[in-house]
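Consider the two complexes below, in which chain A is the common component and chain B and chain C are the respective partners.
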Partner chain A sequence: MSDAASDIAKLPARGALYPAGVPAAVRLAGPWIALALLFLLLPLVFASGSALTMLSLMGIMIVFALSYNMLLGETGLLSFGHAVYYGLGGFLTVHAMNAVIRDGLPVPLPLLPLVGAAGGLLFGIIFGSVSTRRAGTAFAMISLGLGELVASSSLILRGFFGGEEGVSTNRTKLLHLFGLNFGPQIQVYYLIAAWCLVCMAAMYALRRTPFGRMCNAVRENAERAQFVGYNPQVVRFIAFSLAGLFAGVAGALAAINFELVNSAAVGAEQSGLVLLAAYIGGIGNFAGPVIGAIIVTWLEVMLSDVTEVWQLYFGLLFIGMVMFAPQGIAGLIMVHEPLWQARAYGSMLWLAVTYLIALLPALVCLAGAIVVIEMTYHISVKASDGPAISLFHLTLDTTSVKSWLAAAVLLGGGFVLFRLTWPLVGAAWHDAFVEARGAGRAK
Partner chain B sequence: MTAPAIALADVHKNFGATKIIRGVSLDVPVGERHAIIGPNGAGKSTLFNLMSGRLTPSSGTVRLDGEDITGLPPHEINRRGLCRSFQVTNIFPRLSVWENVRCAVLWSLGYRYAFWRGIDSLADARERTETILKAIDLIDRRRVQAGVLAYAEQRALEIGITIAGGAKIILLDEPSAGMSAAEAARAVALIRKVSEGRTLIMIEHDMDVVFDLADRISVLVYGEIIASDVPAKIKQDAAVQTAYLGAAA
Partner chain C sequence: MLELVTISTLNGVLYGMLLFLMASGLTLIFSMMGVLNFAHASFYMLGAFFGFQISQYIGFWPALVIAPLLVGGIGALIERYGLRYVHRHGPVAELLFTFGLAFVIVEIVQMVWGKGPVDYRVPQSLDFSAFTVFSTNYPAYKMFELLTAVAIFAVLFAVLTRTRVGLIIQASLTHPHMVAMLGHNVPRVFMLVFGVGTGLAAVAGVIAGPALVTQSNMAAALGPILFVVVVVGGLGSLAGAFVASLLIGLIQTFAVSINLSVADVLGRLGVAPPTPGGVLADVWTVTVAQLAPIIPYLLLVLILIFRPVGLMGTREH
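Presenting the complex of A and B:
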C-alpha cells in the first residue's frame, strides 16, 4: 500500500527532466528562473533598436496569444473577437496614463498594466456573461458579433476611442522611480519582459488548478462535466473573464510600447492575428502559443519589410499548418517526445538527416513558389515600374519566358524531388518508433 | 419513516405527440439495488435521463431523499448526491485516466471552481482518485489517454467516474453492454463492490447480471412499469413472461 502510494505521489512530476533528489521547489521554479535569465540577457545578444522593438512586440504577443489559448486550447472556445479585451485594455491604459500625467498623480508606469488587467477583466465579465452561455458555433458567432459591435462603436464614440487617429500619450511623463523614465526602448523592453514573465507564470499555474482541469474537462465533454457536479457555463465564464484580464495586460503593454492606441487594436484583424499565432504555434501545449507568438511577430515585422504581399504568405502558412500539422509547431516537436524518452538517439539522428534530405527539395519548391507569386504580383499590380524585379539578390525579368520557365522548374522539380525523398522520412520514423517501443519494453 | 432515495410520482415524458414515458411511479428505498428491465424502446434510458436532469418531465415529480428535484439541471442534481453512467461511454477522451477520475472527485471534496490552489497539492483528491482507480483496476493505466483504452476498460472508467464523487444514489445504464461473459462477470463484481452502502439503480439487458445483483426489479414496457418486485416473483410473473422474458427467449 505504502509502495503504491509513494508511486502515485510521483505521478505529476515529469521524471526524466531532473535527477532524483532535486527538491520540488527547484523543479517548480527552475524553468522560470531560467526564463527570467533569458529575458534578462536577450538584449545583450539582440542589442539593435529594431531588435529590441521586435523583442518587445514578441513579449506583448506572447501574453496575448497565451490568454487566447486559455479559451481555445484549454476550454475549447473558438473566439473571433479576443482583440476586444486587448484593445479596450489598451484604451483604458492610455486614458489612465493621460489622467495620471494631467493630475500629476504619483503612479509609476510599470503599474499601469494593472489598469489594462482590470479593464480586460471587467469587459470579459460583461461580454462573457452573455457569450459563454453557449459553446461551439453559437459562442464563435457571438464573439464575432461582439467584436464587430466594439469595432464599429470605436468609430462612433470618438471621445473614448479618439476616432481615426486614436489616442496618444507620453510614457515618459509619469512618476520616475529609480531614475527610469522609460524613454529608451531598452527600459520598455524590460517592463514588457517582466510583465510577460509574470503573466506566463500565472497562466501556467492556472492550468494546474481544479478550475484549470475542469476547463479541459468542459472542452472534452461538457455534458459529463455536468454529471460530476460542474456547471460548464460557469467554467466557461471564469475562463473567459480571466482570458480577458490577460488580454487587457497585453493591450496595456502595447499602449505603453507604442504610446498610441487606435481602433485597429479592437478590430477583427487583431483578433485574427492572435488566432493565427495560437494555432500555428499549437493550441494543445503551453509552449505552443509562445512559439506561435514569436513566429507570427517575426514574420509580421520581417516579411512586411521584404514583400508587399506578406499577408498572402501568412495565409498560406496558416492553411499549410491546418492541413498538415493541426497540432501546430509545438505538436510537431512533441511527437518526437517518445523517441527522446526512449533515448533512441541513433534513430533520432538518422531521422534528423532524412528531415534535412527532404527539406532541401522542399526549400527549392518554396523558392519556385515565391518567384511565381512575386512575379505575378509585379505584372498584375506594378507593371508600370518596368519588367525587372529583384529577388534573392537576383534581377529577374518578369516579361521573359525564361524567368517563368525557371520558376516552374524550381516549383515542379522541387515538388517531385520532395515527394521522392519523403518516404525516407517515413521509413526513418517507422524504424525509430520500433526501436523506441523495444526500449520501452526492455525497461 | 425515511423518504425513499428516489421517488417518481406519475412521471410523463412526451416528445411532441409521442408519449415515451406514460405515468411512471417508482419508489426506490435507501440502500436497495434496483434493476430496470424491458424491451428496446421501452423508455429505460429516458427514465434515467428524467431522474438525472438530462431531460425534464412533461408532468409528474421526481424526489431525491424527499426533496423535489424536478426540472433541476444535471449539476444541481449531482450535487445533491445522484450520479449516473451512460449507455454509450461518456468520458473525457483526451484526458488521462487519472485526470478523468480526479475531475470527478473535485466537486464533492469542495474545491468547486478554485483557480488559486495547485491541483497536485490536494492530497485528499489524490487519495480518492487513487482509491477509485484501484477499485476499478485501472491504476496501472492511469497515464494513458482515456480515449485509447480498450472498450471494457472504458466501461470500467465510466463506472469509476460515476462513483468517484461519493454519490449516495448511483444510476448505471447498461454497465455490462458489449462485454464478453468474463468481462461481464468482472463488471458485476465491481458493481457489487462499489454499490455497497449506496442505492443503486441499473438498466441491464443481461438477465444473469440482473438476477445476480438486484434486490428488486422493475419491468418497463412502452413507458409503463408493468411489474416491480423481487427477482423470484418477477421470473414467475405472467405479464412479464409474455411482455418481455418470453419474447426474449
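Presenting the complex of A and C:
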C-alpha cells in the first residue's frame, strides 16, 4: 500500500504538461496560444489555393461540429436538424451584407458573423422553446420535423431564401479596415481562423462552467438533476439556444467564404453531415468534433474527387464507427491514455506492432470491398462506358469472372485473416493493462 | 365541389392507409425494442425497387409476395447482426445505427438503379378504371392498393390479438423479462418483429411504387412524414398511429386542392397586403396548396405545444 502510494507520489500529476512552478494563467492560456500560432502558421505550410480553401472549410466545420456537440455530447440531445441554425445564420448574414452594401453602412466584414450568431440564437430560442420540452427519441424526431419544416419553407419563401439559386453577395464591397478587402482567400482564411479560435475558446470555457456541468448532469440523469434543484427543460433550452448561436456563426462564416447561401444550407444533408463529423470524431471529448470536422471535410473533398459513390463509403465508415467504436476517433486515442500515464512504453510498443499486424489483412479486406463496390457501380450505372475500369493503378474488366473472383478472395481472405490476427491485439491489450495496473495508474 | 370532396377523401384515405402500413411496423418495432427505426422508409424504397426488378422477370403478382419476404429477411438479418450488437452501446447508438443504414441504403439503391426514376408500371390486369364518380374515372389500381392495405391491417390485427404468437409479442412489449422466464426466446421475437415490420414497409413500397414515382429520393421524401405520424399519434401507440396516418393523409390530400392565400383572406376582410417585393412578401401570396408539403410539420409543432405526448400517447419516452 505505502509502496504504491510513494510510486504515485513520484509520478507527475495527471495530465501535467508543465514543470512545477508555471503560473496558472500560463497553464490556462498556453494551449490556446499554441493553437493560435498553429492557425497563424498553417497557411505558410499549405500555401496552395486548394489547400487554403480546404483549411477554410475545416475551420467552418470545426465551429459547426463543436456547436453540434454542445447538444449531443454535452447535453445528450440527438438533433437531426442542426443545419437549420447554420443555414438561417448564413441567410441572415448574406441579407445583412447586402443591406450594408446597399446603404453604405460603416460596418467591416469581420463583424458580420455577429449577425449570424444573433440569428442562430434567435431561431434557437424560437425552435428550442418547442422542441426541448422532450428529450430522447421524441426530441430527435421533433428536430427532424423542424428541419424539414424549414427546408420545405425555403422553397416556398423565395424572397428570403432566394429560390433554387440562393442569395449571393460580394464580400469585398464592405467597409475596408486596415486595407483589408477580403478578396484573396488568405484573408478570408484568417478571418475564419480568428472566429474559429474565439468560438472554440468560448465553447471550451462554457463546458467548464457550472452550467456546462449541469448539461452533463441532465444528459446522465434528468430526474436526479431535477432533485438537485435544476429544471432539466430549462438547461436543455439554454444549451439548445447557445448551440444555435455557434451554429449561426459557422453559417455566417460559410456565407462569407462562398459569398452565396442556398436552401441546401438548411437541408437534411447538411444536418446529417455535422452529425457524422461530430460522431466520427468522438462526442465524449472536446477534441473529438474538431478531429471529426477535419477528417470529414478532408474526406469529402478528397473522396468526391476519386469516386462518385463517396457517400456510400462515408455511410459505411459511420456504421462501422457506431458498431465498433462508439466513442469515436478521440475515444480510440483516449483509451490508451492510462498506458501512457503508467509509462508502460514496452507493452505500448508491442501493442502498436500487433495493431500493424491486424491492420494489414484489414486493408486487404477493405481493398476487396472497394473493388466490389466500384465494379458494381460501374456495371449497373456506367455500363455504357465499356467494361474496363481503373482502380489502384490497375485496369479491371468488370464483365470478367476473374475480376470478381479476385475481389471476393481479397474481401473474404482479408476478413478471415483479420479475425485470426485480432486476438493478438486483444492479448497485447490485456498484457499492457496488467502492466499499467501494476504501476498503479490504470483501474 | 362534391366531386372534389369524394375523390380527395378516397385519395386521402388511400394515402393514410399506405402511411399506416409503414407506421404500424415502425410503432411495433419502437414499442418493443425502444428503437425508432430511422431506416424504415428505406425499406419501403427497397420494397419498391425489388418489386420493380422482380416484376421485370416474373411479373407483378409474384413480386408482391417475394419482394416483401426478401426485404423482411434483410431486415431480420440486420437486426440479428447489426442492431443487436449495437444495443450494448445504448439507445442513441441504436438510433444512429439506423440513421447510417438509411444513408447507406439510399447510396446502394443509387449505385444499382441510378438516380433517375425507373419504369415501374401498374400491372396490365389492374390497368382500368374501377368506377366513375361524377366525371372522374377512378383507377382500379388505387382500389387494389386500398384493399390490400386494409386486408393487411385486418390480418395484422387478428394475428396480434387472436393468435399465440401475437400474445407472446404483446407480452414481450411490456414484460420482456417475464416472457423470457417463461421460456420464450425474446431476442428471436424481436428479430421476427423487425423482419415483419420491414416487410410491411416493403409491401407498401411494392404497391405504391407503380402509383408514385420509383426513384432513389422516395425514402427521403416519405421518411420525415412517417416520423411525424408516429410522434403525432403518440410514440408506441398503434391506435394513435392509425388515427394520425389517416389524419395526415386526408389533410395533405385536401390541402393540395385548396387554392387560397393569406392575401385572399385578408383582401376579403378589407386589409391591404404589404407592398410587394419585400423579403417576406411571399408569406402573403403563398396558397394553401403550396403549403401542403409543410402542413404535417406544422401539425407536429402544434401537437407538441398543446399535447406533448401525442394524440394517443401515454408514456413519456
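We take it that the second predicted complex is superposed on the first by the 425 of 443 C-alpha atoms of A that agree within 3 Å, B and C clash if a C-alpha of one lies under 4 Å from a C-alpha of the other, contacts with A are read in each partner's own complex, and residues count from 1 in each chain.
Basically, contacts are C-beta pairs under 8 Å (C-beta built on N, C-alpha and C of every residue); 3 or more make two chains touch, one makes a residue touch a chain.
In this text the structure is predicted, and so the values were computed from the model without any measurement.
Overlaying the two complexes via chain A leaves chain B and chain C side by side, clear of any clash. Judged by the touch definition given at the top, the superposed model places A:133 against chain C, while chain B stays out of reach.
Once chain A of one complex is fitted onto chain A of the other, the partner contacts of A:227 are limited to chain B, with no touch recorded for chain C.
By the touch criterion defined above, A:142 lies against chain C but remains apart from chain B after alignment on the C-alpha atoms of chain A. Shared-chain residue A:238: touches chain B; no touch with chain C. Using the contact criterion defined above for the overlaid structures, shared-chain residue A:272 touches chain C, although it does not reach chain B. Judged by the touch definition given at the top, the superposed model places A:212 against chain B, while chain C stays out of reach. Of the two partner chains placed by the overlay, neither chain B nor chain C lies in contact with A:304.
Centres of mass aside, this uses C-alpha centres: at chain A, the angle toward chain B and chain C in the superposed model is 80 degrees, to the nearest 10.
When the two complexes are superposed, the chain touching more residues of chain A, out of chain B and chain C, is C. Between chain B and chain C, the shortest distance over C-alpha atoms in the superposed arrangement works out to 13 Å. The part of chain A that touches chain B in the complex is made up of residues 4-5, 8-9, 11-12, 205-206, 208-214, 216-217, 220-221, 223-231, 234-235, 238, 242. Of all residues in chain B, those touching chain A in their complex are 52, 54, 73-75, 78-79, 83-84, 90-95, 98-99, 102-104, 106-108, 111-120, 122, 125-126, 130, 134, 139, 142-143, 161, 164-165. The residues of chain A lying in touch with chain C in their complex are 72, 76, 78, 80, 95, 130-131, 133-134, 136-138, 140-142, 144-146, 148-149, 152-153, 156-160, 268, 272, 275, 279, 309, 311-312, 314-316, 318-319, 322-323, 326, 373, 376-377, 380-381.
Residues 30, 34, 36, 82, 85-86, 89-93, 95-97, 99-101, 103-104, 107-108, 110-114, 220, 224, 227-228, 230-231, 235, 277-283, 286, 290-291, 293-294, 296-298, 300-301, 304-305, 308, 316-317 of chain C touch chain A in their complex.
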